[in-house]
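Two complexes, one shared chain (chain A), two partners (chain B, chain C).
Presenting the complex of A and B:
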């Protein structure tokens, strides 16, 4: 087993001046470039750390596939021989299970506790001392983790589905482009939400319960557990006032080509707006959290 | 035997006392467990607002399957938590199992008493509520025989899933960590048994009838309770095999457990 790379290593390589262009490029632009390099480096190391666990990823993939099989069985049984229901046909439903199962790791749909654990262990003190913005550091780490999830779990799963089952794929270059944009936004939005939830650890000595509630809501209202189109109208409308449908539902709809033209543009704008709003909220709340942080230890 | 039972009772009570020490935290944990498993069923229940049936079964009938297996699994998790491959794997890794082997009491008994998480009652409670919904919706024609047979079905599923836990836990003697293939059987089996077998393709159904006998534990008994005909034409005694299948699985699992113990080499930590 390859030992996981520690981020202290990343920090050290970062502080060695010759590796950074900022040493020579003066001014604000140079600083921006340097933090971009730093971001990429942290993300790259997080990605490499995940790639070390290939056997576990394969086992997880098999599990995702099996549960995907069960879920698509239930959804197809709902159709009961009809061509489609509520705008979704058999191929759409199979594709829906492939995509949602493939997104589990990318979006950490079963929960994400990394920041919370660092707060409770006191490691957050080290994180705050890094030569990088706290928010940026965690975003970079999660970007690496999410990319690994996409490469090792999401992509192989959708490919396996494509091999054995009839699935729908985007048909035009614009369709693929829109999907990639929506996927990226969903990843950012999901991180912004998970970061907010984890911040609760700064206020509560046991925020895991709050976290479980928060992640369960995502499962129900994002369109992960069941397609949003199959839920009752009142619940769908209520979900429309939250960011949750833009974490899973929008991505799937864009892939299936259910959103075109103005509707597609509007969905992507809403997704982006929610992402910006949650990131800003997270950064503001982080400022408040830092002021009340006390690190126990010795 | 009586002394052993007394020991088990003390092991369990000690854990319950420590878990109830932080009352607010415990209540929060139970609520979180309830919300998580409740939300999964809520998603299914809400879909029935848009659809009448799944695989020819109405909401009340699906809730019967779902609630019964959920509450049985919750009870099993409470009792067999020590054999849970995730827990056992960690115990083997840390050398905790070696510690238990040195104590002058039967090992299986100590493992039974090593991980009793009272918060798992949350799952049992949710399962019971779903089952109550099923009973009120499905219009079951209760007879004395059905009332007597119901607890045996629950017992069958506890023994079946418990057996899978024991097998998975024993495998960690060699692998040191939980094997994902076993999780597919336990948690996958739990999900599979929550829906009528008519939902699945023929190959999946045959696999979970003849190779892994999951269909006999929940689906066939449910046919009997709900008074539904068997669409697959198995003999009339099929609904009554649940306790036997469960007992057989558990017995086979403990044979494997004893085989594993004879070959247990410890991690040396």
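Presenting the complex of A and C:
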């Protein structure tokens, strides 16, 4: 005869999943849910905060559009009657200016100083005193801000372009999906980089110089100021060893359909790898910054 | 609740070595050690309201930063509720609350209510509890009129009330108040004190209050700790502090006609026509004896006795370092 204990055990394992300690299973899931909820709430409020400044957003949109047209005409002049330059035709070039101008706010391409200011004002102490992930909190805030940038600046700008110019768009659902993935990764990568740069504030009493340098580099090597194809060979190759081309260049190439199949998969994987690397580096450096604060004082 | 033993925090600064300035000090290995907190020991029981006083730069905020888990001590032991603050930061900070009078902990461009609801998520306050706390604190602090105003548009008094509410939403066991009434008018100060008193009484919240406004201390705290140069100068009853270091009482005499007043046990500190002010010590002579001595010798129109105020007492302690000797 089977011992009753085994029977009971068998009976239970039939109806419910393997016995995890009952306290930790819902606890861990609840913890995750609560964190996700907090992330969404913080992002939502950051989004709302941006949406409040509609007039400013409209003025910004007009400016972006104006400079976009200016950049288009310069690039078209460069073609000088030829069909294409460095593999980019007239339509590609116009589309390129639309996309890069549309990404300015989403990626904070002109610089982002929020965390730095937070450190210098001393508000960082308040954030550290809250039972939440400091990195996650800033990521959530930036996600809301970036989403507002897409909705209020990026999307209208590209639509305005599309009304007046024959721009290139992704042609297949796969193309659109790849673009969205690349766009999301670029946003994360850009945040991870900006966060790292801003962390300098923990070490330097005025890290603005470092910041300006760091953001200028992005403009040059990401493919924002000019298409990466226009860079001298050696510089383009050097840029290939940095995360910068994956902030703007990759997104544009995916939209234009310049990357297909294996090349596309490889580009997205590289983009993801750089994102993971910079996030990890940022979290590690944040730990160091915090320890410095704890030991060295305010 | 709070147990602090031989707590010290030393900061190392590069010593400026004169001439050559920044570069020299950058290169030199000379260091200067600042003892911001030096061998501090005290205990605070659950449900107490303790005033933590000291002049600027005494080490108050360094102590608070260690107590809130922001700074790691150089040496010594510090436990709150049995927890070492910086070791278990996330769990620890969920149990404490803080109000810094000098800066808000709310989000600058959000309406007050949104900040408060966000804090509910940050601290994972159960929705029912959040609602009931919001209702209760909102009523006591009169938040209703500006709940939907962005924080940046609030008056200082409104902001401080909102901050107090924010600090208590998650039912902290321990509340740090750093200059909670700074810059407020008399009525607003009184409202905040009343609220703190009530929260302490009804919820048993332990309060550590740092302030330069001694009226706060007088109205809220039975016990005070005074710190200077990183060391604890006094820890005990507020009344005893005044008895021991209260300095001199004053007797103001309006004479019928101007005259020299000379009485045993008191000295003249001010003379203004027929008004003479005498200073005397409790242990030398009682007020009634002194009055008798004066009225025996002079025709007096009016008299009044002034007790030393806590302001004067503390000023004397800071200035003369009375307790350090």
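Methods note: the second predicted complex is superposed on the first by the 267 of 298 C-alpha atoms of A that agree within 3 Å, B and C clash if a C-alpha of one lies under 4 Å from a C-alpha of the other, contacts with A are read in each partner's own complex, and residues count from 1 in each chain.
One rule holds in what follows: a residue touches a chain if its C-beta (ideal position, glycine included) is under 8 Å from a C-beta of that chain, and two chains touch if they have at least 3 such contacts.
Nothing here was measured: the structure is a model prediction, and the numbers come from that model.
Of the two partner chains, chain B is the only one touched by A:206; chain C is not.
Put chain B and chain C next to each other and count what each touches on chain A; the higher total goes to B. In the superposition on chain A, A:288 makes contact with neither chain B nor chain C. Look at A:86: by the touch rule set out above, it reaches chain B but stays clear of chain C.
Looking at the shared chain after the overlay, A:29 reaches neither chain B nor chain C. Once the two complexes are overlaid on the shared chain, A:74 sits against chain B while remaining clear of chain C. Of the two partner chains, chain B is the only one that A:225 touches; chain C does not reach it. Within the superposed three-chain model, A:41 lies in touch with chain C and out of touch with chain B [touch as defined at top].
Taken in their complex, chain A has these residues touching chain B: 56, 59-60, 62-63, 66-67, 69-70, 73-74, 77-78, 80, 85-86, 206, 208-209, 212-213, 216-217, 219-220, 225-226, 230-232, 235.
Contact residues on chain A toward chain C in their complex (touch as defined above): 34, 37-38, 41-42, 45, 49, 52, 121-123, 125-126, 128-132, 293-298. Of all residues in chain B, those touching chain A in their complex are 25, 28-29, 31-32, 35-36, 39-40, 42-44, 46-47, 49-51, 53-56, 179-181, 183-184, 188, 191-192, 195, 198-201, 204.
Residues 9, 11, 36, 62, 65, 68-72, 86, 89-91, 93-94, 96, 98, 100, 103, 105, 107, 109-110, 114, 117-118, 121-124 of chain C are the ones touching chain A in the complex.
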